[in-house]
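Lettered A, B, C and D in written order, each chain numbered from 1.
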Amino acid sequence: MLKTVIVGASGYTGAELTRMVHLHPQLELTGLYVSENSTDAGKPISDLHGTLKGLIDLPLLPLSSVESVAQTADVVLLATAHEVSHDIAPVFLAQGCKVFDLSGAFRVQSDSFYTTFYGFEHQYSDWLDKAVYGLAEWNHEAIATADLIAVPGCYPTASQLALKPLIDNGLLDLNQWPVINAVSGASGAGRKASMTNSFCEVSLHAYGIFSHRHQPEIATHLGCDVIFTPHLGNFKRGILATITAKLADDVTESAVSDALESAYQDMPLVRPLGAGQSAKLQSVQHTGFCDIGWSVKGQHVILTSAIDNLLKGAASQAMQCINIRFGFAPLTAIV
Amino acid sequence: MLKTVIVGASGYTGAELTRMVHLHPQLELTGLYVSENSTDAGKPISDLHGTLKGLIDLPLLPLSSVESVAQTADVVLLATAHEVSHDIAPVFLAQGCKVFDLSGAFRVQSDSFYTTFYGFEHQYSDWLDKAVYGLAEWNHEAIATADLIAVPGCYPTASQLALKPLIDNGLLDLNQWPVINAVSGASGAGRKASMTNSFCEVSLHAYGIFSHRHQPEIATHLGCDVIFTPHLGNFKRGILATITAKLADDVTESAVSDALESAYQDMPLVRPLGAGQSAKLQSVQHTGFCDIGWSVKGQHVILTSAIDNLLKGAASQAMQCINIRFGFAPLTAIV
Amino acid sequence: MLKTVIVGASGYTGAELTRMVHLHPQLELTGLYVSENSTDAGKPISDLHGTLKGLIDLPLLPLSSVESVAQTADVVLLATAHEVSHDIAPVFLAQGCKVFDLSGAFRVQSDSFYTTFYGFEHQYSDWLDKAVYGLAEWNHEAIATADLIAVPGCYPTASQLALKPLIDNGLLDLNQWPVINAVSGASGAGRKASMTNSFCEVSLHAYGIFSHRHQPEIATHLGCDVIFTPHLGNFKRGILATITAKLADDVTESAVSDALESAYQDMPLVRPLGAGQSAKLQSVQHTGFCDIGWSVKGQHVILTSAIDNLLKGAASQAMQCINIRFGFAPLTAIV
Amino acid sequence: MLKTVIVGASGYTGAELTRMVHLHPQLELTGLYVSENSTDAGKPISDLHGTLKGLIDLPLLPLSSVESVAQTADVVLLATAHEVSHDIAPVFLAQGCKVFDLSGAFRVQSDSFYTTFYGFEHQYSDWLDKAVYGLAEWNHEAIATADLIAVPGCYPTASQLALKPLIDNGLLDLNQWPVINAVSGASGAGRKASMTNSFCEVSLHAYGIFSHRHQPEIATHLGCDVIFTPHLGNFKRGILATITAKLADDVTESAVSDALESAYQDMPLVRPLGAGQSAKLQSVQHTGFCDIGWSVKGQHVILTSAIDNLLKGAASQAMQCINIRFGFAPLTAIV
């Protein structure tokens, strides 16, 4: 049993991680942490997340000494703000913990990326170099030996899983930048009081146009420019990405189908739906799946990709990475 | 043209009042006010309420001197917190303004009510005595000559409009307290950031059980005890109240029908739907109507009453009171 | 491994049953059936319920010969219309199958009940007599040896779990009928095209006032009269019941707390939330739990009871009955 | 007073038309019609659309003789299926009625368009030639003298209002096709029972990919190719279109702003929100407005355009056309 702690357990992703670690037969949930001055410190997690009541009533502990927590943990899940992950991941790593970071702090191997898009200067170039990007279906080998896994963002997961098979097979004309329109549920903004996420204010609209942090994450890991426009939708969880791209000359629908179907034929958590099919949010909500549909007409392909933002876009993908890293059965605690 | 100011214009009720005053041919909208230190001060109201853009782009002004605003106004609409209304209404009244207060500050003619249910000691017994309860369909005569009209709360409006015809006609056995279960949209909590009203947290549940301020408001004005249980629903606007009561001996369904239909036969904004019918939220959302359905079986009656909480439960009822007070056509700016 | 078939597998409850039987280590899913002339016959169940794709892609088979299916099955789950269950349950039983019927066909041991409330004459008085009501927390012993288990309705489950501990302990004054107001998600109406359930028509309202079939089911099994008013809510799944009742003389809040807490102390799927607490829909959606809150003031108690209508109100309660009937661990395939 | 009839009055658009004709001081609502064998024939429209109760309780009449209805009408609003409009518009026109058709039957001046996209052969080339496309802000002059006005579709309205100023000013590089992603509320599918629109089935997804009828409507009237992907959203009304396009060389954000702002400076129902702003569904729901936001980065522009699909996308745009055609004040019955 690997001793597992979750930092940032009070949020929506934290609650899902808690549920899954609890389910996992090879992980022992040894501590749930929140920031030292959180007003949630001391409360049972089930006071915040009623679904957990009776299952997991562990208290949320204030993270007063990272080092002492690190000394007792084998596995650390960080569902913390970017700056917090940046600061504490190295402390855990120094104590030999395996760290699965769900923030953006170690996702892109470029220092300048952080000053530009996250507003802080990255202090740990060495860890940035060693960090492995946890896009589970595509990075199995590196994840299997990494100490620090940077679990991808929600929008990047939905986007890359659809586009990567086409790009890697040279099926797209990338002179024309793929256009990614994506709609996320309100849980993507985290568990906090804000006017933007106030029930009466939530109403479908685009935000972060030309400026969202996930654009460079997607572009860097795909190796090409993309236009990415996120939207807030009036639902709690899930992301639907609709992607329009130009095909390279003479690429047919069956080439697209082949690329997607062969990429995921041994990957049970990605479900290629077939040509002419369209991914539907409801089929993936509360699951660890990514559904992908596609259609081709003339020189264009339209892909639709749906995930649960809190699961495949965060917690269950972290769990996939844990299963890969420690050699557990790949779907443990997920399906 | 009566010079009209709205205090507390930034909220959802304030925005509806703004829209209706703007529509009203005999009212001139001369000022929109927010509290002196509001971060919204200075912004056009249409920045907060996008539907108003291009129609009403007046700025929200900080209410720095109540007295000087009072000197320029004929009609004052207060969509303010209870304590604020309590403090400023007398200042407006002293300058001769007619005041329509949408808070609870003057709704119940008992000082002790305020210490018990609102947590402050009422300083203006004289105004409490003179204030007229603005339940428009039932208090026409008093409203027509009042200086201070206390516009009823949302739940009390839905509840009283259904129950009053039965109680006034002696149709109920009040030894058994009527049971009012009501569900309100999230706009009832006002326009503000809070965890309770955060999109992902809103989920049908009862709150304020045995302790909501609207219970004594309802009981006082009906003159009988009631059990009132409010609920938060996962929709933006509207209230549905389902009321179960015991009938007095030998009361038939047709007696109930007669009471409701005759009470409202000349009241176009209350729509008795007929015996066996059930009020539906959607039919009244974005309208000034109250729909009432009823069914009788044996000794019991079940009434359903639906309103838009921001309109018939607040802004449009205030407008009804203005129309009554100044002798304007009753539906002006409402239908 | 018990060979298990599901009849009526195309609906929402059928899909949940399918998922749970698939998860259950002691059950083998051997057939999914729909009515003989269903247009869904022949399709994989995952075409109708996208969440199942890749997990369970079994075809929906037309139920052409009940008898031949019966010969191959140990366990039969009927998620069928009342009349269908009435007709086919005896055929399965005659072949020695254990039948778990989720319809109303065997829930009340009175022939006349069916003519009055279901519109058909019951032909199987013998099976009505032998059928055991599957309210899992309350009928363990009888379920453990039954051949035919009538799984309770969704509203009756939420209502009885809250009221039964109080009634059985004599805490209520039943001269005043308990008032049950309940709101159900749209999935309660089943998977079918109808105007009532059309997206744009769904809007909170009461229906079946004084006439819903679940009223006599509740009253019969509680042994007292109740007023039951169901509502359609604008959400997909879940039921919240708010129950107002009069206490017997001198009953205190702590007596209520004792009754509820002791009734469920060894029953992990019912979670008494404590005095002053209120059940919240979101905490039970997608789970097999029932949450119960209560408050007492003077002579009245208000109870709130929340379940997932498709799970604790149908499929997971059926699974509890299976686990009891065959001596499996009580939470298998549920938590 | 112009005698006005509405055919297809039972639907959502029909109800909005009914409300607006009733409000319009120069129009007299003389008849509400449904198809001859509709089960709604004979019912008051307010039975179907509860908001109208007490305001407009006219019966829905079966349209048994088009000709005799035509003889009594000055203005005809057709909220009918495409084939029905195709068949009956010429009959009304032959009697001298002015016809405002909200279907697709006369929107594109090409016979082959109808065989390809609507599945019927168009019989009235002469009327196709004479029909005027009712995009109110752009076709004022032609609408003012037309006998037959083809009111645009909902998606085409949102799309064209955003793109037309840029295309007409030569600001786009149309070698790269503009990508229009749009999400519509469920009312877009009309008032009918269907599985697709069943409450529990509605969940964000794309449909009609590369094949929706509105694509050629948009492309024809803009005069350029576009990629159009419609989506069903989990809300009742409204459309948000997010449009990504490539700018022509050296086009700046201020050129884009100039084009949009000058196009609509005297058009109160289109609200350009300014550079960097994003249209929000809620600001236009239940209104006749179109809100447009835009952002430029490098060679790309992203436009967001929001309308109420039943109003600016149907009924209120028809009313704009009526106001233009008969020289009434442009906002009559709309704002």
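The rule is simple: a contact is a pair of C-beta atoms (placed from the backbone, for glycine too) under 8 Å apart; a residue touches a chain by one contact, two chains touch by 3 or more.
The chain list, named the UniProt way, goes like this: A, B, C, D = N-acetyl-gamma-glutamyl-phosphate reductase.
Since this is a predicted model, take the numbers as computed values, not measurements.
Interface comparison, A-D versus B-D: the higher count of C-beta contacts falls to A-D. When you average the Cα atoms of each chain and compare centres, the chain farthest from subunit C turns out to be D.
Subunit B and subunit D, compared by their mean Cα positions, are separated by 37 Å. Centroid to centroid, with C-alpha atoms defining each point, subunit C and subunit D lie 46 Å apart. Subunit A and subunit D, compared by their mean Cα positions, are separated by 40 Å. Residue positions 201, 234, 280, 282-283, 285 of subunit B are each in touch with at least two other chains.
Of all residues in subunit C, only 12, 185-187, 191-195, 197-202, 234, 236-237 touch subunit D in the complex they form.
Residues 176-177, 179, 181, 183, 201, 203-207, 209-210, 227, 229, 231, 233-235, 238, 240, 242, 244, 276, 278-283, 285, 293, 295, 297, 300, 302, 304, 306 of subunit D are the ones that touch subunit A when the two sit in their complex.
By the touch criterion given at the top, residues 50-51, 53-55, 268, 271, 273, 280, 282-287, 289, 291, 335 of subunit C touch subunit A in their complex.
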